[in-house]
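Provided herewith is a single structure, encoded as structure tokens, for subsequent inquiry.
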Amino acid sequence: MNLGDVAKKINGKVEGDSSIDITGVSSIEIAKKGHITFAKGKKFLEKLKKSKASAVLVETKEEISMSQIISSNPELAFARLLDYFHPEPRPKPEIHSSVVLGLNVKLGNRVALSPFVSIGDNVRIGDDVVVYSGSVIGDNCELGKSTLIHANVTLYRNTIIGSSVTIHAGAVIGSDGFGYTADDKGRHIKINQIGNVVIEDNVEIGANSCVDRAATGTTLIKKGTKIDNLVQIAHNCTIGENCILVAQVGIAGSCNLGRHVVLAGQAGLSDHVTVGDNVTLAAKSAALRDIKDNSVYGGIPALPLNIWKRSVAVFAKLPDLSRKIRDLENRLNNIEKKNIDQ
Amino acid sequence: MNLGDVAKKINGKVEGDSSIDITGVSSIEIAKKGHITFAKGKKFLEKLKKSKASAVLVETKEEISMSQIISSNPELAFARLLDYFHPEPRPKPEIHSSVVLGLNVKLGNRVALSPFVSIGDNVRIGDDVVVYSGSVIGDNCELGKSTLIHANVTLYRNTIIGSSVTIHAGAVIGSDGFGYTADDKGRHIKINQIGNVVIEDNVEIGANSCVDRAATGTTLIKKGTKIDNLVQIAHNCTIGENCILVAQVGIAGSCNLGRHVVLAGQAGLSDHVTVGDNVTLAAKSAALRDIKDNSVYGGIPALPLNIWKRSVAVFAKLPDLSRKIRDLENRLNNIEKKNIDQ
Amino acid sequence: MNLGDVAKKINGKVEGDSSIDITGVSSIEIAKKGHITFAKGKKFLEKLKKSKASAVLVETKEEISMSQIISSNPELAFARLLDYFHPEPRPKPEIHSSVVLGLNVKLGNRVALSPFVSIGDNVRIGDDVVVYSGSVIGDNCELGKSTLIHANVTLYRNTIIGSSVTIHAGAVIGSDGFGYTADDKGRHIKINQIGNVVIEDNVEIGANSCVDRAATGTTLIKKGTKIDNLVQIAHNCTIGENCILVAQVGIAGSCNLGRHVVLAGQAGLSDHVTVGDNVTLAAKSAALRDIKDNSVYGGIPALPLNIWKRSVAVFAKLPDLSRKIRDLENRLNNIEKKNIDQ
């Protein structure tokens, strides 16, 4: 495909030679001849000079010799071209002979079930679904069309998954919520968890992440939300649309997240915390209370991020402050003593 | 079953119509006609007014129109009724044709082994055990009666599991402890881990949690302890009876926990830490030293929780304190200068 | 094997009876007759008196009745003897009949593939490799000789693993890096991750840990590095030689670690952080900025450890400091008032 055709695919405008052949997409550092890359900011424009790429996506025309495509959102254009030139490979749409299907399973068209996949009773699988090796789909689960389940995933019974969802290897969806009560001897008695998990369209869930099913009702992940690896979502949470939960985040039971919430790596939420829309929680923070829309928090417990940053700056000087206070005390003692002596 | 019969099952007392038909158990919010629910505290009594439930478990008689069962421990009664009306479903007691059994395996009565389960040599499996698809039971393991192993679990060799234990999907029990020494070139040389893991009766272990086997000897989880998802327990730890380890807790090697210890989410323990009975460690805390019986700690490093809370309250005002100290210094300078001038 | 022969294996020197029979290796506490153990420091020498071991590895001759082997590095000698007397058991070198092999798979000599292993197309497996039950090896992967893949591991396509590597159960290598961009409606659009993961020789990766493949290029774990359970390594990271990453560590994208870096349990790194050689980061710390060679850091955000320790000591006294400042203010007010009154 030549550069002109590439530009058309993403509604961009060529500056330079439209006829050059584009064969792939890559980052600046490792791009080869025939690749188109993407640059934003002076640092990357500097790197472009050494790049072997044949063309570059930019926001505004740059004074460089390399052919350019001007795009109003070059990073998005880059993502779209990556998907065009290097799409996620999919296995052939066939059911491997080793697959075990339960009773009353409904399979859509072009479904691919890899070796050693186990499908429970009453499962419904949409068109173009892929389930990789070793994954286990419990009774009464539903997988919407074009959903991709990687290897060794476990879906407990009654899990409902929308379309174009990706679940990465080792993830566990629908495991028992962590709910107990105590008997008169202080022993923990299990509260059976009879709810389920619902995952809406276009959600992605990372490797070895866990989403527990609700005690009663539903643990809900709304559409477009992206969840990284090793994340824990406890029972009865609702995660809003288009959230980003970075690796090793932990969300305790019955939390409620708005839209476009970003929880950075290893952040945590106490149970029953409500987080508004467009909230960002810094890495390693702990939100113990509700957080309002459009705010940025950090720290343990979480504070507005600017307050946290200022306090943290003083924290490193605490020994110095402590010394100053002792010094002030001594000087005051002297003055008071002198005043009395006078 | 009518309400009178339900009351008998849990040694409760009906206030209202004993003859109404009870068909299920649910939370207040989503209960339907025929359901019995559970209420504790004014907030829930308020919610009851809007609930469609037919009856409610309460501790003392309430002035409401709904039929009630009075129970000394209504939450426990609720758990017992949930288990009666909505028991954990179990697969048929059969060995799927795909299951691979090692040499000298002893199977109890009514064992269910799902597709693609792999059982090593010399494994002993008790009556009524269930092992779901894709789980791998290493050589010389033992599973006590009524134990439930969910899908894609891995038990390394020599793991001993008691009765009525539940291990959730993806959990790994008995993996190598993280033990190395260094050679003269600073390379890490593995110390083979030749111990094992023992899990006593009525323990529950969450999805994708890991328990390493001992270097020599045994990593031990005592009876009644409940462990949430993504928890790490390192080699040679002993976890006492009836502990609660919430999601993403990490316990380093050779720690020793007493009974009824609660480690809240994402808390961590340094190696060789001993924690007494009835200790609670707050979420995200780090216990670097031993903690005595009956105490509540929090923070990094962990402090008695009341101290931590007070310090944290001041932390948010550190910039202010810093300013005050500068102000005090200036004022003292002025006074001292004046005193000298006099 | 007698004690004299044992000493020869590790270039040690016997003090005592060379003829006694050694049948195993164990820790002091649980050693039995016939075992050799290892002692370092007074505490362990004290424990030796009660040990049933027949011999002990020590650094210098001790005044004890037990037979000794003097070794310049007794812990290393202990590790080598453990490996000799209690080697990691390996399954028979055979391909189980249930194993599914893709097209164009190259298998070395003496390879063991356990039940329900799935191997993709174009995979190359070296001599003496073991893959345990339920593991899934994606297309185009390579496993170097003597590498050991435990049960239920998933390797995504194109993962390259060196020789003598151990990957523990449930680990996921090569999953999609967590990379998105936004469209004009604020929806997250996936940036396809077209790189891979390379793991060099003698690396060990713990149970349920995750290593994401690079966006473009390679996520690289260099030789001799040891990674514990539930660790997250994001896309495009480079982890240097002989590092130690303890359980639940999280490393964000594009980080660069030098050699001999130690990240203690639950520590985290922000994206694009460069950490020099011989750096240690304390448990639960968060490095948000680059760290130079040969330094020890701790805290959130990470400070030089001695500064962090001193600040933490003051932190516990913050309420006291706050009170002292109020007191100083009052006293100064009094003095200033008096000065004005005069």
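Letters A, B and C mark the chains as written, and numbering starts fresh at 1 in each.
Here is the rule we use: contacts are C-beta pairs under 8 Å (C-beta built on N, C-alpha and C of every residue); 3 or more make two chains touch, one makes a residue touch a chain.
Every value quoted in this text rests on a predicted model; they were computed, and no experiment measured them.
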Chain copies touching (chain B, chain C) - same or different residues, decided at half shared: different
Rigid-body rotation angle, chain C and chain A, from Cα fit (steps of 5°): 120
Euclidean distance of C-alpha centroids - chain B vs chain C, Å: 25
Residues of chain B engaged with two or more neighbouring chains: 98, 116, 134, 152, 170, 208, 230, 248, 266, 284, 300, 315, 317-318, 321, 325, 328, 332, 335
Touching residues (chain side chain B, partner chain A) in the complex: 25-27, 29-30, 73, 75-76, 78-80, 82-83, 86-89, 96, 98, 114-116, 132-134, 150-152, 166, 168-170, 202, 204, 206-208, 224, 226, 228-230, 242, 244, 246-248, 260, 265-266, 283-284, 300, 312, 315-319, 321-322, 325, 328-329, 332, 335-336, 339
Chain A partner contacts - residues on chain C that touch it in the complex: 98, 100, 116, 118, 134, 136, 139, 152, 154, 156-157, 170, 172, 175-176, 178, 180-184, 186-192, 194, 208, 210, 212, 215-217, 230, 232, 234, 248, 250, 252, 266, 268, 270, 284, 286, 288, 300-301, 303, 307, 310-311, 313-315, 317-318, 321, 324-325, 328, 331-332, 335, 338
